[in-house]
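Before anything else, here is the set of structures, which you'll find just below.
After this come two complexes, each holding chain A, first together with chain B and then together with chain C.
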Partner chain A sequence: MKILSINFLSCAIKACKSSSDSFPLHAKDAELVQDEIELNPDMIINVLPRLDWAALRTTSSELGFPQLPEQPPTPFELKADETLLKDLHHLLLETQISEGKLVCGNCGHEYAIKEGIANFLLPSHLV
Partner chain B sequence: MHFLIRFAQVHETFRLAEIEALAIVQGVDLKVLNYSLDSPFCIVQLPSVDAAKRLIQRSILAQSIHELWGTGKTLDEVHEAVKQETPHLWAQYKMSSFKFAVEPYRGTRSSTKRVELINSFRFLGFDGPIKMSNPDETFSIFEQWPHNSVPLGIPDPTEIHLGRYLASSSRDLILKLDLKKRGYISTTSMDSELALVTANIALAAPGKLFYDPFVGTGSFPVACAQFGALAWGSDIDGRSMRGEGGKKSLQGNFEQYGLGACLGDVFSADLTHTPMRKRRWWDGIVSDPPYGVREGLRVLGCKDPEKTPWLIEAGRTKGNDPDYVPPKKPYSFLAMLDDILVFASETLVDDGRLSFWTPTANDEDLEIPVPTHPCLEIVAICIQPFNKWSRRLITYRRIPDARVSPSALEEYATRKTLETNGTTADELNPFRRGYFKKFKAEE
Partner chain C sequence: MSRPEDTLAADVHYDDVEARKYTTSSRIQNIQASMTRRALELLDLKGPSLILDVGCGSGLSGEILSSLDAEEGGPHTWIGMDVSPSMLDIALQRDVEGDLMLADIGQGVPFRAGAFDAAISISAIQWLCSAETSDTSPAGRLTRFFNGLYASLKRGGRAVCQFYPKNDQQRHMITQAAVKAGFGAGLLEDDPGTKNVKLYLVLTVGGGSIENNGGDITGVVEGMEDVDVLDARKQLKSNNTTVKKGSKAWIIKKKEQMERKGKVVKSTSKFTGRKRRIAF
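Moving on to the complex of A and B:
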C-alpha cells in the first residue's frame, strides 16, 4: 500500500468517521519496500491540493522519513523545486507498505496489509 | 475547417460520447455537423489539422480522420464541391506520391467502377507517383449506401465524400488488451474494447487519479492506466484481486502490459462500508457493479443475527486472524446504485466523471430507471443491446457545489430511503428477478 493511499483512507467503522482520531491510520509493524517509478511532475502537482498535509506529515514521520515542512508548498514552489518533487514522488508513490497493519487511533481496530493489499472488511459486530 | 471521422460501425450509441470526451481531454473545440447512428461517416468542424489528429489519436470507436474536400448526393455534386472549396490546396500535393481508395459502406463497387470513380478526380492534376503502400497522401471516396442496397439492386449511393487521410485512432489497443491473451481474467472481466471506451468517456489521462470500487480482475484500471491515469481499485472479495498471485493476479495484468507504474493500489473493501474519506479526491470513478445475476450482490453484515449469534461471536474472537472471512448478506441493487452516486458526489473533484454499467430490461415494465443525484449531471447514456435486456453505460459529471440547486439537495436528503433489508436476492433485485423469471424462461 502506497503512502499516498494512506492519505485518503480512514477507519471503515461508521462510528469512527466523525472522530478526528480515525485519520490518518497509524502504520504498525510496517515492512517498507521501494519501487522505482518514473517521476511524473504533473501527477504530483495535481495531487498536491488534494493531500491532507498534516496527516501526511504524521504518516511520514511515523515511518521514519525526514520531517516534511510544516506548510505544504504551493504548486508554483513545487514546480520550481526538483528536489522536493523527487522527495514527494519517492514518499507518495515509490514507497509501499508490503506487510503490516494500519491501526485506527479512535477504536484501535487493526487492518492487516498482506502482499501490499490492505483488508478493510469488517466483522459483523462492527458493521 | 471540416473533417470526416470514419467510425467503426459498432457500439453506435457510444461513439459520439467518446469523441466528445476526447475533445475535452485534448482541449479541442469540436462541433459535430452531421452524424447518424446509421452511418460510419461523421462530419465535424475543428480548428486545425493538428487538432484533428489529436482528437482521433486515443479513440477506440473511430478508425481514422480525414480532411474533408467535398460532399454531395451525386458524384457530380462532389466534383463541384471539391472544385469550389479546395483549388488552393491542389498545388501542395501536385508532386506528392499518392493513392486513391474507394470505401462503399453497405454497397459494392466492381474494380472497373472503382477505377472509373478514381479517374473522375483527374481534374485535381496530381502529377506525383501513385504508390499503393505508404504514399505521402491517401484520398478516399466514401460512399453511404441505403440499407440492403446489394440484394435490392440499388444502383447509386445516397451520399459521397472525398477526404484526405490525416491520422488513425487507437483501435489496435483492443487487441493489445484482449482478454483472450490476458494473464488473469474472470467471467465478469469487461472486454477490452468497452473498457477502453469507458476510460475515454470518463476522461482518463496522464496525471489523473481513477478508482473502481468493484474492481474484480481490474479491467477498468488497466484501461485507465493505458491512457496514463494512476488507477486504484477495491473489491469486497480479496481473492478477485489477488488471483493465484504472480502473473495470474490483477497486478500481474498491469505488469503484462508494462503499466505497473500506473497502478495506484488495490484493497479489500465493501463500498457500503468504505474506508475512503469524504474528500474530493478522484478525477474519475469507473465501474461495473455487481448485478447480482451471476455473482451475488453482497455487503458486510449478518443476514440473520438472531438465528446465527455464533457468526457474530466468531467475528469478535477470530476477527483478527489472517484467514478470517467476515459474513456477508444480500443487498438491494437499487440501493447500491444509490450508494454509488452518493459516494461519487462526495469524492469526485469538480467536473470529475462517474461512468458505470447497469443492466436494464428492454421491456418497459421491467426497465430500471436511471439513478439521479443533485450533484451529478448526466453526460451520456450509451446502450449495448442484447436480446431481452441491455447494458447501459451511464456517465455523470460532478457539478461544482455553487451550481447545485439547494432545493434539489434538500429534497434529495429527505427522499424515501430504499428498502435494503429484504432477505432474498430476488426480493432485493428487480433486474435479477426479471432475468430469471422472464428472459430466461423465454430464451
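Moving on to the complex of A and C:
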C-alpha cells in the first residue's frame, strides 16, 4: 500500500463510518519498500488540496520519516519548489508498505498487508 | 456462450489458471485496452488524475491509465480494487504501477469522501448481480457499491463502467442502483445490435446546481449516437407528492420549466412565494 492510498483509505466497517477515529488507519509492524517511479508534478499538484495533511503527518511519523511541516504547501509553493515536490513524490508514490497491518483507531480491526496488497475483505457480519 | 457470472463467485472463477489464461490472451488484452481507451474518452480528464479502477483484475485496464502520455492528459495514478487474489497476483508479477487492494466492491468502497477525480470499471460490475447467498443480495451489493463509489468521487467527478449485463432486467437493475445513489447516469452503446456490442454506464457526480451543465450527464453524452440518458429528475417527479399551486415549491418548479425552455426568470430568494403585503 502506498502512502498516497493510505491518506484516502478509511475503515470499511459500517459502524466506523461516523467515527473520526477511523481515519487515518494506523500502520503497524510495517516493512517498507521503495520503488522508482517517474515524477508526475501535475498529478501531485492536483491531489495536494485533497490530501489530509494532518493524517499524512501522522502516517509519515508512524513510519519513521522526518517530521513534515505543520502546514501543507500551497499548490503555488509546491510548483516552485522542486525539492519539496520530489520529497512528496517519494513519500506518497515511491514508498509503500509491503508487509504489515493497517489498524482502525476506532474498532481496532486490522487490515493485513501482504506483498504490498492490503486485504479489505470483511466477514459479512461487519459489512 | 455460458456466463461464469451466473454460476460462480468471481474469486472462484478467477483462480490461478483462469487468471493467467485471461491475462495472456492477446485477444482479451486488445479488447480490454480498447474499452479502457473508450472509457477514458468519456471521462474527458484534463490532466494527470487519481483514478479508482473497480475490478482492476491483473491490471489490463489500469496499465492503459499509467501509460497515457502528457498530450493525452496522462499519465494517471490509479488504485485498483479486486476480489480475486489470483488476478492481483498476476498484476504483481506484471509489475503494474497502480496500487492494489483485495476487496469486494459489493461490500462498499472504503475511501474517504471526495478522494478520486474519476473511476473506471471495465467488465466487472455485472458480477455484483450474481452471488446470491444467505446474507447478501444483488440489490444490497449494488447499493453498497454505488453509494460508496458516489461518496468517494470528488464533486464534478465522473465514473465510467463498461459492463456485460445478462439481460435487460440486469441492465436496468444496475443503472437504477446508480441513479438511486445520486449519480447522473447515461448509457452508451457501441456497435449496438452486433455481437460486439459494448455498454458503458457514464456516471456524474453533480457539482452543486443541477442546472449547471458541468455536472449534468446530458452535456457529457450530448451529440453521441445511441446514448440513452437516464434522468433521475424524471423519476423524482413521479415520486413527488403533488405540489400545491402557488406554493414556493410550485413556483420554483414553474421557474425551472421556464428556464429549461430558455426563458429568463427571476432568481429564487427567501421571498419567493411569500405573501406580499399591499403597499400603500
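Heads up, the rule we're going with is that the second predicted complex is superposed on the first by the 127 of 127 C-alpha atoms of A that agree within 3 Å, B and C clash if a C-alpha of one lies under 4 Å from a C-alpha of the other, contacts with A are read in each partner's own complex, and residues count from 1 in each chain.
We adopt the following convention: a contact is a pair of C-beta atoms (placed from the backbone, for glycine too) under 8 Å apart; a residue touches a chain by one contact, two chains touch by 3 or more.
Quick caveat: nothing in here was measured; it's all calculated off a predicted structure.
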TODO: Return the chain, chain B or chain C, that is in touch with more residues of chain A.
DONE: B
- [ ] Return first, second, both or neither, reflecting whether A:K2 touches chain B, chain C, both chains, or no partner chain.
- [x] both
Task: Partner chain(s) touched by A:G116 [first = chain B, second = chain C, both, neither] - done: both
- [ ] Considering only the touch criterion stated at the top, classify A:M43 as touching first (chain B), second (chain C), both, or neither.
- [x] both
Open item on the list: I'd like to know which partner A:A12 touches here: chain B for first, chain C for second, both or neither.
Closed with: both
Open item on the list: Output check: A:V127 vs chain B and chain C. Expected answer is one of first, second, both, neither. What do you get?
Closed with: both
Open item on the list: Just to be sure I follow: which residues of chain A are touched by chain B in one complex and then by chain C in the other one?
Closed with: 1-2, 4-5, 8-12, 14, 23, 37-38, 40, 42-43, 46-47, 50, 52, 93, 115-122, 124-125, 127
- [ ] Sort out for me which residues of chain C touch chain A in the complex.
- [x] 47-50, 75-77, 79, 81, 83, 88, 92, 97, 99-104, 107-108, 110-112, 114-117, 135-136, 144, 154
Open item on the list: Under the stated contact criterion, what part of chain A meets chain B in this complex?
Closed with: 1-2, 4-5, 8-14, 17, 23, 35, 37-38, 40, 42-43, 45-47, 50, 52, 93, 110-112, 114-127
Task: Residue numbers on chain B that touch chain A, as the complex places them - done: 206-209, 230, 232, 234, 236, 238, 241-242, 245, 260-261, 264-270, 273-281, 300-302, 305, 311-312, 314-316, 319-320, 322, 324-327, 349
Task: Residues of chain A touching chain C in the complex - done: 1-2, 4-5, 8-12, 14, 23, 37-38, 40, 42-43, 46-47, 50, 52, 93, 96, 115-122, 124-125, 127
